[in-house]
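See the structures that follow.
Here chain A shows up in two complexes: once beside chain B, once beside chain C.
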Partner chain A sequence: MRWRWAVVALLVAAAAELAVGRGVDWPHLDPLEQRILIELRLPRLTTALLAGAGLGAAGLLLQAVLRNPLAAPELTGVNPGAVLGVLAGMQLGLVPADSAAGALLAALTGGACGGALMWLLARHGSPVEVAAYGLLGSAALAGVTTLLLAYQPSRFGNALRWLVGSVDGRVWAHVQTAWPWLATALVLAWLCSAALGVLAAGDGHAAALGVPPRPTRAVALALAVALAAGAVALAGTLAFVGLVVPHVARAMCGSDLRRALPAAALVGATAVAGADALAQVLTVLVQSGPAAQRLGVPAGAVTALVGAVALVVVARRSSHVEVS
Partner chain B sequence: MTSLEAATARPAPRWPASLTLVAALAGAVGLTLALGLPAEAEVARVVLWELRLPRLLLALSGGAAVGAAGLLMQAALRNPLAVPELLGVSTGGALAAAVMVVWALPVPAALQPLVALVGAVCGGAVCLAAAGAGRGPGAVLLIGAAVSTALQAVLLAVMAAADRLQYDTLFRYLVGSLTGITWDHVGLSLPWLLGCAPLTVLALPALGVLRLGDEAAAAVGLHVGRARVAVLGLAAVLVAVVVGPCGPIAWIGFVAPHAARWLRPAADARLLLPWAVVFGALFTTVADLAARHVFAPAETPLGAWTAAVGIVAGLVMLARRSTS
Partner chain C sequence: MTQPVFVAEEVRYRYRDQPVLDGVSLVVRPGECVALVGRNGCGKSTLLRLLAGLDRPERGRVLLHGRPAHAMRRRDVARQVAVLHQQLPPMPGMTVRQLVAQGRYPHRGPLGMLWRPDDAESSGALHAAGVAGLAGRRVDTLSGGERQRVRLALALAQQTPVLLLDEPTTFLDVRHQLEVLSLVRRLHGERGLTVVAVLHELDHAARFTDRVVALAGGRVAADGPPAEVVTPSLLAEVFGVRGRVVTDAHTGAVRALADSPLETT
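Presenting the complex of A and B:
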């Protein structure tokens, strides 16, 4: 029953994403408007769905395997590292500014490095401590990003997409590079989800059941990095998607990874598509201002606002969030 | 507190530390004023009086204020990872400045720092209101980080509507710089800072009690939630006064208290405060020297230098904590 609601929500979000925005008058479409729909809005929708699914699944994998409800791609150094990788690649001229494959490679390298760094530094802490370390590490990586921008401020305009996360201006070429990667990682993660679920119960249980803890954890972390970095390469960091979506998915269908993983991907895709639809509505609304014609409200701003409100509400309600 | 135990094991610092620090400060001040003065006496007088002196004053007082604010935050939240950037103050100031510039609001140039200051205070107020009194320090830190991220996302969304010229104007509000500081800016900031100084001293006894832990502090008769919010509010004002004219100068509030604690490991907040203040002032002045002279005649943003130092310091500290 809940699945049906989730699918309905996804369909509504996708339809809204296709329907709102500038340049198309429903329901009578002339050929130009059809082209807008097929060549601009459809890849944009696909981008949003893919990025959301990737971030949601990555967050769930990290939270399950690290047994830390606050482990999210943005708090474990993966997302900041991926952003830094893409920006560094572009600023230093290693990655062409519009090469989707190059961005994916740079994001993967950066995300793996950032995640490994935070893992090495903070692996022994308690969950909230790890999150605090993650905040500091993210701040450090964001500082390096600022340094890069200071080095060549003239390229700043392009960098905003990666910093805040937006699915603006993504076309089929970007989707074509990204979807095999993200789809493969998602399917692999789902195939492994039974073993990962055992691991989430504890290293001892996993070993007793014949699942070697360390290699399994390494595989899961690699998959999480692959998913998060693929999403970042496609759409930039969409703040709080990787943190909040897994909790929604688990509330929806329990913590069994075999069902929670598809649910997380589904909820993540819904969240990002819905956020982008909302962002486009906002863009149309603020268009009366003199400066707002140039670019739209990025979807990442909407996810960050909504996610922050959700996080504040949850943290205010729970009494046991403490840092020693 | 593992860091405390590890720190007390170190041999007691030698007494001339204070002398060395004062000498370093005097040296930095002298270099700032004297380095590269024009030969002509009249021009030199103008440069010295109209450009360098206000800049130096703001570097000294601003660095001291942010150093003190960092110490207040770390003590109030009992967390060495608490940084003023997580109070929403810096982002609030940057957001106000960005809205002002991008929407071309008719604000006279002299009032712009004041508007940024108001934005900074509002950002801090939003953060503290979301965190609320009576929360544990960990919850306050997490909520602060969430609100800061949301404000950052709004800032980037506003920036997305800016054009090239506006980027360049706004860049200092993203990175922080002391370029173009005049007596007007100093006249705006200094009264606030002088007003906050006695309040900071008044807050010190409460910090000493908070160090015992929330239960013990409550048993001694302190209203823990209110005291924490008051101290954090004071820290927010201290940072906001600097953010107004200079933009967010990152990491000083993180590095200065840690340097003080490294020098005086066993001291409590009362003894640490002068050290944190002096370190903050010294750090800012030296970084500003580097900003002006390393890539002369081009000037690098001050915030880039402080970030570079702060990132290294933060990673070193993380590595030390994770090994101890």
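Presenting the complex of A and C:
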């Protein structure tokens, strides 16, 4: 029953994402409007779905195998590292600004380094300590990113895509690079989900049941980095998606990862598609004013606002977030 | 002579530079029911972990069916040996049925667990441990006694020929203590399980097992049938109490009556 509602929500968000925005007057579409729909809005929607699914699933994997309800790609160094990787690659000229594969590679490198750094610093800490280290690490990496931008401020608008997160201007070329990567990582994560569920219950428990804790955790962390960095390369950091979505998924179908993992992907996709639809509505409102801006409202701004509120609601309602 | 299930040879183990086990040797044969007893912190639980291959001894070796236990593949060990841990980890949101179904992991593997999450074996284990009524409850809402029996169901779901129990009766009231120990004893008889149990109560050890191994000072202080091992001198040397040992006319088992703590020398 809850699954049915989740699918309905996804369809509503997707329909809204296709329907809103400039340049198309429903319901009678001329050929130009049809091209806008097929070559701009559909890839934009697909990008939102892929990025949301990747971040949601990555957050769930991290929370499960680190046994930390505050673990999220953005609080474990993965997302800030991936953003830094992409921007550094572009500012230093290592990655062509329009290369989707280059961005993916740079995001993976940065995300893996950022995640590894936080792992070395905070792995023995309590959940709250890990989150605190995560905030510090994110701030430090954001500082480095800002330094890089200061050298070429003309690219700031472009950098905002990754710093805040946006699916604006994503076309099929970007989707074609990203989807096989994200889909493979999602399927692999789901195939591991039974073993990860055993590991999530405790290292000693897992070892006694035949799941070797360390290699299994390493695989899960690698998959989480692959999913989060793949999403960041595509749509930037999209605050709170990787933190809040896993809690919604578990509230929906329990902590059994075999069901919670696909649920997190589904809810994440819904969240980002819905956030971008809202962002486009806001963009239209903002730009209808006298001083029309060139920048649209990025989806990441909406996820940050709505996500912060959602996190408060989840934290108050759910016992998952008890961090003792 | 059949091959022993466990062989521990001169096992040494330190925890934070404190020697816990200091030359323990033990042979457990198939179908034995053994109690490990001793004071708190005498290394009973450590020995159990070493037997299960969850830790490696610093010196000496632990063999499971003739092979070094800690070097075996975890799943191969888990098909042979089920461990009932002292505590259940806190698993927010997980139900009893889901947890006990995880006991099937060693036999089915990650993919098998995906296709069929529940099966007859885990349902049977829920019934055998008397927790079928709790199947839908969340593990983190259970009382101490309920958790204890869920631990047993988890170990039973593994359906291994060897059962290692770490204090299976803590948190249980008298009735549930007797139920759990009778169940283990019955499975031992019916299925020929090999059982090694860390037990707090000497009376339980004497009544429900055939062999008592007492640890003291990191070594095996006594090893034999309960009637031979449980003596006033064992109470004094291993547990540091003055006491008497009587034979229960009803059960035929010896009972230890501790009278007073001995002056520490």
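The definition used in the following text is that the second predicted complex is superposed on the first by the 307 of 324 C-alpha atoms of A that agree within 3 Å, B and C clash if a C-alpha of one lies under 4 Å from a C-alpha of the other, contacts with A are read in each partner's own complex, and residues count from 1 in each chain.
Here is the rule we go by: a contact is a pair of C-beta atoms (placed from the backbone, for glycine too) under 8 Å apart; a residue touches a chain by one contact, two chains touch by 3 or more.
Computed from a predicted model, the values in this text were never measured in an experiment.
J.: Are chain B and chain C a fit on chain A, or do they clash, once the structures share the same frame?
T.: fit
J.: With the two complexes superposed on chain A, say which partner A:191 touches: chain B (first), chain C (second), both, or neither.
T.: A:191: touches chain C, not chain B.
J.: Report for A:212: first if it touches chain B alone, second if chain C alone, otherwise both or neither.
T.: second
J.: Return, as a multiple of 10 degrees, the angle whose vertex is the Cα centre of chain A and whose sides reach the Cα centres of chain B and chain C.
T.: 100
J.: State whether chain B or chain C is in contact with more residues of chain A in the superposed arrangement.
T.: Comparing chain B with chain C, the partner touching more chain A residues is B.
J.: Is A:137 touching the first partner chain B, the second partner chain C, both, or neither of them?
T.: Only chain B; A:137 stays clear of chain C.
J.: With both complexes overlaid on chain A, does A:204 touch chain B (first), chain C (second), both or neither?
T.: It touches chain C, and chain B stays clear.
J.: One more residue to check, A:164. First (chain B), second (chain C), both or neither?
T.: The first partner, chain B, only.
J.: Per the contact definition in the header, classify A:305: touching chain B only (first), chain C only (second), both, or neither.
T.: A:305 sits against chain B, while chain C stays out of touch.
J.: Quick one: is A:93 in contact with chain B, with chain C, with both, or with neither? Answer first, second, both or neither.
T.: neither
J.: Report the closest approach of chain B and chain C over their C-alpha atoms in the superposed model, as a whole number of Å.
T.: 16
J.: What is the shared patch of chain A, the residues that chain B and chain C both contact?
T.: In chain A, residues 319, 322 are touched by chain B and also by chain C.
J.: Considering the complex alone, what residue numbers of chain A touch chain C?
T.: 69, 190-195, 197-198, 200-202, 204-205, 207-212, 250, 254-256, 258, 319-320, 322
J.: Using the touch rule from the top, collect the residues of chain B that touch chain A in their complex.
T.: Residues 77-79, 81, 83, 85-86, 102-104, 130, 132, 135-139, 141-143, 145-147, 149-150, 152-154, 156-157, 159-164, 167-168, 171, 174-175, 250-251, 300-301, 303-304, 307-308, 310-311, 314-315, 318-319, 322.
J.: Write out the stretch or stretches of chain A touching chain B in their complex.
T.: Checking each residue of chain A against chain B gives 120-125, 128, 131-133, 135-137, 139-140, 143-144, 146-147, 149-150, 153-154, 156-157, 160, 163-164, 166, 239-240, 289-292, 294-298, 300-301, 303-305, 307-309, 311-312, 315-316, 318-319, 321-323.
J.: Within the complex, which stretch of chain C touches chain A?
T.: Checking each residue of chain C against chain A gives 52, 54, 73-79, 82-83, 85, 88-89, 91-95, 98-99, 102-103, 105-106, 110-111, 113-114, 117, 140, 158.
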